[in-house]
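Dropping the structure in here first, questions after.
Each chain gets a letter, A, B and C, in the order it is written, and its residues are counted from 1.
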Amino acid sequence: MLEVRDLTKSFDGFVAVSRVSFDVAKGSVSAIIGPNGAGKTTLFNLITGHLRCDAGRVVLNGRDVTGVPPHDLCRMGVGRSFQRTNIFAKLTVYDNVQAAFLSHRGRGWNAFTPVRDLYREETLRLLESLGLADRAGEVAGFLSHGAQKQLELGLALALEPDILLLDEPTAGMSASETRETIQLIDRLARERGLTLLFTEHDMEVVFSIARKITVLHQGRVIADGSPADVRADAEVRRVYLGERR
Amino acid sequence: MFLFLIAAGLSLIFGVLRVLNFAHGTFYMLGAYTTYQLVQWMGVSGGRFWLTALGGALVVAALGGLIERFLFRRLYGKDELYQLLFTYALALILSDAAKMVWGTQQKSVSRPPELTGAFNVFGAIIPHYNLFIILLGPAIALAFWLVLQRTRAGRYIRAAALDRETLGALGVNVDALYTWVFVLASFLGGLGGALISPMRATTPGMDTEVIVEAFVVVVIGGLGSFWGTFLGALIYGQVLSFGILFFPRFSIFAVFALMAAVLMVRPWGLLGRPLR
Amino acid sequence: MSHLARVPWAPLVVLAALLVPAFGSRFYTFVANDVVIWALFATSLNLLVGYTGLVSFGHAAYFGIGAYTTGILMKKLGVPFLLAFPAAGVLAAAFALLFGLFCVRLTRIYFAMLTLAFAQIVWAICFKWNEVTGGEQGMPEVPYPDLAWMGRLPWLDGLRTSDHFYLLTVVLVALCLFLLHRVVGSPFGRMLTTIRENAERAEFIGVHVRRYELAAFVLAGAFAGLAGGLFGIFNRGVFPDFAYWTKSSEVLIMTLLGGMGTFYGPSVGALALILLNQQIVSYTEYWPFVLGTILVVLLFGFPGGLGGALELLGRRLWRPRRA
């Protein structure tokens, strides 16, 4: 479904991502792992058009989408969540999700209809599936960290994506929150037939749901395969020596 | 070249504190007024003028320091817009305060007796004092630049402009550093006003005139860049004189058009660096 | 919902505004006219600052362009108000489009500086283009629109032309504010707030940030132009300082004073500032000093402006009833 070929990006001489290539099959759950600074977020930014790549291609369903800006890419079925919680902090939970629906369903340029009743059902339904329905009226910035991440997920899902890119979805969460979030993501992915690609630090999470793992180190791919293969890979063990999670 | 002195102070505050100090023009004006006042008390003979000029600049510098320490500092966490508005409010308050103290009549300061003569160059009369200022401007600039490059304090200032947090983590008292930067910038502004007072009338309204000019210079040369400000002042001066000579109707237009052009093509100015 | 929130404030205020000439002296009508026009000007700026998060230092440019358009059309070309007024909005929008194209490419401080630069260019042109704009002297004696038909309406026949014009202004501004209110409450308006809150996120829900920002810029410019068109007639003359940066700062202060977080905040700010100005100026010539002090108090004490302070007060005093 998604093919990444030779993506390269440097910042002022520092090579953040170097000739990264991998595939994501439709319906699969894949993970990208690597120590801090390996270039995972940069890679995501390159795929989603937030950054211009110096070289390489990104192909989505056979279509070259390299450098397509985010606002167009998300209409092609790509959803994304961010590592640092990226929501509309001063809007309510309900407004956050509704905004996503408004934009996605093409009503963004309507300047006359009051917003109040638009997409009410869809918004509430999505909030329910996230477990946030009872907090719809709260200001998003005041939610707990975990709830904010769930809202982020909601924003991505409102766009009815085919593939979901999640950048460290369980970052900063407690063990129980992590489990909850992973269960939620897994359930939603199966319900909606989503393809998942996520980055993670938490190895337990990765090995529990990912079917394919790509390992990044200093901007390069050092291993790419099933969890068993990756676990056995010598270079991966060397890189992670001393890192226990 | 005195505009360079003013603009340098503005650029410094922007480079380090990341705020456009609207009140900078008012500091310039206060420098002129304070010098006038000191001259009234002390006269200009026997080298006194230089003392009064220095005094004027120091008073303004002290004022700047107090304002930063007790008022401005409290706005640091907030939106940059609030900081900007504060400097605007400051400009309003201080310029009216100057009106209250000194009235609205034009004030003039006599030139120091050592420099009252004039050169006759190709039929044009160039007062000694003007020439002196033209030379002094770059001299102060050079001194200032050397301080920035060679001294430890200068290094700290440049570091603070790049990364305040890391500097703080290294144990440098960044709060105090900010205050000193403000003091230094205000000193430059006040000094500009003080030195200009024998050449131009000291009136209310000189602050709004100069602040717009300083903005243009700093934008063209690059916010936060020292040599950029120098270049900007040069270019500004040239465009203005050229414009007045050949297209008098369009000279003000030309200046703002230049500012707009720089912003459209290279927003961080000719020698500036893109903001993070 | 608290009882107070159910009161239809907006129509009441409009009604009150319409009644001013009946109960007040000529002076009150004058002040009210000033307030109403500036309320529109400030609200148009708020569309940019408060709703989209774009701080413009040069909004007066469009005010000035609108004023000159209406002034030139009516005074020099005898064009009726019915055409000259919308023309102000159209021309201001056109310039906003032109300038905005360049401005929205920049962020924050550079955006602000470029808006300022463009505004100063407009000012410089108005200041020097003697043939068209009257140059430094401006264009005094802009005629009133033909309001004789108003004199034939019941209740209105006893009023002066300036009062007739005031009533017309109230109606037009109310209409403009209603339109702006609809825009702000629409999906388009909501997209603007997402840009203000988090432009990066907005991009990733499909919002073409630059295009929306440009649209907001043009809309804000258009309504500022309409305000300018009205002001030129009200002021009985159009002058270059309508586009000078100090006008831009005045309207920005009003917007902040009233609170950029609410729709009616800037209008309240306009009311407050103009009334304050009237009062203070009669006691002392040091209005800038007072204004500066008020600003400082506001910045340190009430960052939400009057609107924010009122909102806080409202929440404390009139707790909404919940089951």
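Just a few scattered comments:
Methods note: a contact is a pair of C-beta atoms (placed from the backbone, for glycine too) under 8 Å apart; a residue touches a chain by one contact, two chains touch by 3 or more.
Here the structure is a predicted model, which is why all the values come from computation and not from measurement.
Of all the chains shown, the one with its CA centroid nearest the global CA centroid is C.
Most remote chain with respect to chain C, judged by CA-atom centres, is A. Inter-chain spacing, taken between the CA centroids of chain B and chain C, is 34 Å. Computed centre separation for the pair chain A/chain B is 49 angstrom, with centres defined by C-alpha atoms. Annotation: 42 Å between the Cα-based centres of chain A and chain C.
Interface of chain C with chain B (complex): residues 55, 102, 105-106, 108-110, 113-114, 116-118, 120-121, 124-125, 127-128, 245-246, 249, 253, 256, 286, 288-289, 291-293, 295-296, 299-300, 303. The touching residues of chain A, counted against chain C in their complex, run 48, 50, 69-72, 74-75, 80, 82, 86-91, 95, 98-100, 102-104, 107-116, 118, 155-156, 158-159.
By the touch criterion given at the top, residues 182-183, 185-191, 193-194, 197-198, 200-209, 212 of chain C touch chain A in their complex. Here chain B touches chain C in the complex through residues 20, 71, 74-75, 78, 80-82, 85-86, 88-93, 95-97, 99-100, 208, 212, 215, 219, 223, 249-250, 252-253, 256-257, 259-260, 263-264, 267-268, 275, going by the rule given at the top.
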